[in-house]
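Got some structures for you, see below.
Next come two complexes built around chain A: one with chain B, the other with chain C.
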Partner chain A sequence: MDDIKQTERAGSGNGSLTGKAMNFMLERFPVEKMNFHYMFEQKEVPVHSMSWGYYTGGLTFFFFVIQVITGLFLIFYYQPTVSDAYLSVEFINNHVSGGSLIRNMHAWSSSAMIFFAMLHLLVTFAMKSFVKPRELTWIAGVILLFITFTFGFTGYLLPWNQIAVNATKVGLQSIEDVGQYLPGALSTLPQVLRETFQGEASVGQSTLGRFYALHVVILPLALSALLGLHLFQVQLHGMSRGVDEKPKRSEKFFTAFFFKDLEVWALAFFILFCLALCIPFESFLPFPLLAPYDPLGATPAGIKPEWYFFFVYYPLELLPFWVILLASLAAVLVLFLTPWIFRGTSRKTLRFIAVLAAAYLFVMTVFGQAIYEALKS
Partner chain B sequence: MIKMDVLAPGILLWLFAVILSGPAEVQAYPQFQEFVEKRSKQPVNCAMCHANGNGPDGQKPGQTGGLNEEETKRLEQARTAFEKGVEVESPILNQFGNEIVRSLGRKKVIALIREPEKLYDELPAGSDIDGDGVPDRDEYLDGTDPTNKFHASPLKLLFINLNQFKMHVALAALAIFSINLGLGHLIKGISLLSRKRA
Partner chain C sequence: MLDSFLYVALPYLAVTICIAGSIYRIRREPITYSALSSQFLENNGLLWGSLPWHIGIIVIILAHALAFLCPGLWQQILSVRAVLLVVEVCGYGLSILCILGLVVLAVRRLTSPRIQAVTTAMDLVVLLLLILQVGCGLMIAVQYRWGSLWSVGTTCQYLWSLALFQPDISYIQDLPHAVKGHIVGAWLLILVVPFSRLIHMFSVPLSYLTRPPQNVIWTNPRRAEAAGEVFVKEESRRHFVLAAGGIAFGGFLLLIGTFDKIFNFFFGPRLSAAEETKLMQHKLERLKITAEQRSLELERRESRFIFIADLKDLSDTEGKYFIDFSMQPGIAFKGENGLPILISAKCTHLGCTVGNRRDAEGRILCPCHVSYFDVVTGKPNEGAPAKAPLPHLGWILMNSKDQVIARGPHDKTGGVNLSAQTLADARVFVTREEG
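Moving on to the complex of A and B:
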């Protein structure tokens, strides 16, 4: 509906580059639609077989809010120094009222946020929600996903235990390893990047300080700004149709869909509360990895990144580094250029690609270790 | 002149004590660790029973080279606990290690080296040092930390804690439902008011 109107309006611009750029921006930011009536009262959500996909973005946002609230509580007690970080986490767990529950909610919701961010990306891809005029919404979403991953990477170091520090070392080393495949002056860029993040010769106080600053100030600010743009675009352009056939009916965003969204969030909060109350997130890790980091001790066995990096971690363990580097570069390029690469692709094909990608992510995350052991033996 | 029939049992007892208490360097028993790693498919280290994750040998806290006079005394006392029921506080063992020595005695522990799977049957069923609800002997088989209440088999913890916190869960469900119901009505009210005004 709105897509067609937007497309028609695109033809009215003049041929110069400035004119095209102006038209591009006007179509993505139509001033006449920037009002409460259009963005809330008039907004409708199509009802069809893929309608569940409309809730994935809201759930990602909900878990981000949980992250912010629980993170603020943790800041009261967490000490970002190598001597006290581990002890402060122990203190939160054992001596602060409700501390272990809050910390568990933070850990569980971080995983949930990343899970729903990935699911949201796959669903919007399958529903072809990236086509004109929603290219900027898509690109902002992809950057948001990368910021979310960086949140996970920086947050992993903060407890300062064996797995935290050793996994961060491996991660930072991987950044530096990219340099050997880059030409000329570019080859030193990854090393500079690593040194900037690390702050000193090895992972230490400077690294912890920088990761903490990134995790609690820089990334939340960047994410909030981009999230604002993303949500503004979603409200401005409305929900995409999502399916090929014309939906038989639609419902008002406010109040019908918003109310359902609240119900889903309530259910998500209840599940999160039960999980945080009953299963400490750390119980999934072998206990030697939870010991305080000992710079003079041997690296314990079983160092791995968080589950949401398994899709790249296990291939890295099995294949040459340059293969993974090329594949990752290609995947990132395809992600950013999706609105232009797949604009003519049918939803059926997009759905097939999304299912394949989901299957790959599932297999690598759940069976990655078994595949690795089978291929290595 | 000392008679041999009086001396022989004394010598035997001394030999027995020397053999079981081990040489100056403390003997760790990696057989238990190897069994648990194989069974649970989880990396396990000496911290399961020892105070230091790198084992009892070394100069760090919880290792033989890092003990003070009082700790050395406690270690010597623990070394003589051959029979079960003796309260021990060995500084090189953690709570679980000391509990094993207390409930089995060192003689039995050494006898189990060749059959580490039988340690499960020998450990008291009701012992749960960290109070997480999972018995220590189950944690031994699962390769989880028996001294950390936040570490045990996730599935076992789920059922134990769900049962323990069922009132919390019920109250949370009630609170979330009430808030949701209230918010829903508030939104509907605002919507009705705005429609009336329009």
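Moving on to the complex of A and C:
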């Protein structure tokens, strides 16, 4: 035991690469803080004007729990085969007791989860919650966001209706289009990737099976594991202060903040429940798009991804592909390297960037169609 | 005579005294218009007595009030058997809760020397009356079951007759003694309101639940240290109440509307024979489509050409969809020279299936990103998202004797000199080889 400690010290002392790595990990995983007292009883949440930001992560988590529960319900009846998928979804909607409510909740809650995940990202960015020692929390969070998007993409296909299959076809095809910009042997990689996801020449039974496996087993496991790391880090390092001025007071995480969290969740559940009870999620789409997929026949007009992909979908429609490719590559890089890029940026600037990004997301999501029509005609 | 006194005179007397007396007391002695608190003297028993008692009795009284005020609505709600059962069972549970609370309160009031010091005779009278009243209610609920239903036609009518100043005791005359006792007990309790601690029901401290916490500021530094803790505790209690209220409300919503449905989710639906038949037909249809796809795939592996349509069935404006050898969609048109044109329908942009109707310029449209493709050349229009032309597919024509009479599209010579009669009988096939 002592030996290990000595080597650690020695490692950190001489500044070698392993020593640095060791130090890095020790600072992110301080063993002396890993106990119930420090992580729960002592943890405090600052109270200030941005305090509402502390609830966004909890809400995302809450909607994920709803997704897991309603998803488990749906597995009872859903059949992931080309011939039965659509009918089984219809069966859940029309015949199973409480089925349409459960499915509706699953759909609404998925949107809510993605919305709050994005909001959470923007708020933590604006609050500069990613600086040392919280880099790992941030990176885990970014991966969690991508997993959440993949959840949306794979879940979209499962009802096997016109819009779902056709949108998936387009989505997968755009992966392959990346290939023309890659050099040499790499240029076939996107195609291999697409064929791996697709499983056969066109989107069919193999695709459905793969997407189902991803959506129901692989992604939930991956998300749970990363979420564990994310939450562990959050509890370990406590809440970041989030604002420049010193907060006047703080409240205990347990019980004060925890109860407030529950309160917000109760409200969220109430809204979700009423929404799911009153408004079918698909009521914004015309019927032909929701008809069962027809392998013989033209793609119906109006194929679109879910709203949370609009921010990349409409630019994709309007701008050359390589521009989008470069921009998204840059965006992903910046997202992953944020803790280091913005280490010295002031909170004021960060807030400005976050508001700008939020404005972009809002405009593209809400007015994307209008912009598209205005520019295309 | 006694009946008219107990069920007509006493009610009016009790209500009048209750209203007049309460107003008098609230006006004259506003300080006493609450229950004398004994929390300082003894806190443990109070928690286990007062809380269950108040939770139980408030819900029970609200239920009574709802039944009396809107008997029609009440009856309608209870006409669902599940709701009736839930209401009755809740009633049992809550009245047992009340009695337990009252017993704790009584024991506390009778045994704790500190409380003895502040106990008045009226407190004991009220306690006794309440125990009797709740006990009587529970007994009625058990003995004369479904009271929540039969009371609509009896006691509710009686109360309404009183409220409308046309007292009619015939509604309750034949009721069991226990029920009559319960009614008299209620009037007595109303009667003693102004003279006892019961008057605190007019000062329901609802705002306590959500009011901002009061922060006690101590000047003594030793105390000031502990004050923060109290503050946090108080505030978290407020949020706990709100959250618990929200969850209870959500649970209530689930309970009344959907709980049985969600529970039944796992049983699977019980369909009528007609529905089941329809469902099976749908399933069979979808299975047939899938089977067709599979057989097409198999056919593509085995044969060198696949039948699409009779040439005479092809149109020059509306194409016929088929699946080509790479399992991608294609469209068949009839060209101007009377020979078929087979063109791939997989958009060269992002792989959508192109539409099958030719516009005035002889083009077909990909609806996804609006590319127009010329059917004859396959080329997309200027500025379309798609850059590459749609490829043409090889075809052959066969006559009724399975002899190849023409090929296309690259073999320009074939088919030109065929007679209209031969063309009318010809069948179109797509071939694995390019033309």
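In the analysis below, the second predicted complex is superposed on the first by the 363 of 377 C-alpha atoms of A that agree within 3 Å, B and C clash if a C-alpha of one lies under 4 Å from a C-alpha of the other, contacts with A are read in each partner's own complex, and residues count from 1 in each chain.
What we mean here is this: a contact is a pair of C-beta atoms (placed from the backbone, for glycine too) under 8 Å apart; a residue touches a chain by one contact, two chains touch by 3 or more.
Remember, predicted model here, so these are calculated numbers, not experimental data.
S.K.: Look at where chain B and chain C land on chain A after superposing the complexes, then choose clash or fit.
M.R.: They clash: once the shared chain is superposed, the two partners overlap in space.
S.K.: Thinking of the overlay built on chain A, is A:166 touched by chain B (first), by chain C (second), by both, or by neither?
M.R.: second
S.K.: For A:27, decide between first (touching chain B), second (touching chain C), both and neither.
M.R.: Neither chain B nor chain C is touched by A:27.
S.K.: Just to be sure I read the superposition right, which of the two partners does A:306 touch: chain B = first, chain C = second, or both, or neither?
M.R.: Neither chain B nor chain C is touched by A:306.
S.K.: Once the structures are superposed on A, label A:98 by its partner contacts, choosing first (chain B), second (chain C), both or neither.
M.R.: It touches chain C, and chain B stays clear.
S.K.: According to the stated criteria, A:280 is in contact with first (chain B), second (chain C), both, or neither; which is it?
M.R.: In the superposition, A:280 touches chain B alone.
S.K.: Looking at the overlay, what does A:289 touch: chain B (first), chain C (second), both, or neither?
M.R.: In the superposed model, A:289 contacts chain B only, not chain C.
S.K.: For A:255, decide between first (touching chain B), second (touching chain C), both and neither.
M.R.: both
S.K.: For the combined three-chain arrangement, which segment of chain C clashes with chain B: 134-142, 242-250 or 278-286?
M.R.: Residues of chain C that clash with chain B lie in 242-250.
S.K.: Does any part of chain A touch chain B in one structure and chain C in the other, and if so which residues?
M.R.: 255, 258-259, 262-263, 266, 269-270, 273, 277, 297-298, 300-302
S.K.: Name, in rising order, each residue of chain C that touches chain A in their complex.
M.R.: 232, 235-236, 239-240, 242-243, 246-247, 249-250, 253-254, 257-258, 261-262, 264-269, 271, 275, 279, 282-283, 286-287, 289-290, 293, 321-323, 326-329, 345, 350-356, 366-370
S.K.: In the complex formed with chain B, which residues of chain A make contact?
M.R.: So the residues of chain A touching chain B come out as 41, 93, 100, 254-255, 258-259, 262-263, 266, 269-270, 273-274, 277-280, 282-284, 286-291, 297-298, 300-302.
S.K.: Which bits of chain B are touching chain A when the two form their complex?
M.R.: 42-45, 47-48, 53-54, 143-145, 148, 150-154, 157-158, 161-162, 165, 168-169, 172-173, 176-177, 179-180, 183-184, 187-188, 191, 194
S.K.: Enumerate the contact residues on chain A facing chain C in the complex.
M.R.: Against chain C, chain A makes touches at 73, 76, 81-84, 86-87, 91, 95-99, 101-102, 166, 169-170, 173-174, 177, 200-202, 204, 251-252, 255-256, 258-260, 262-263, 265-267, 269-270, 273, 277, 292, 295-303, 317, 376.
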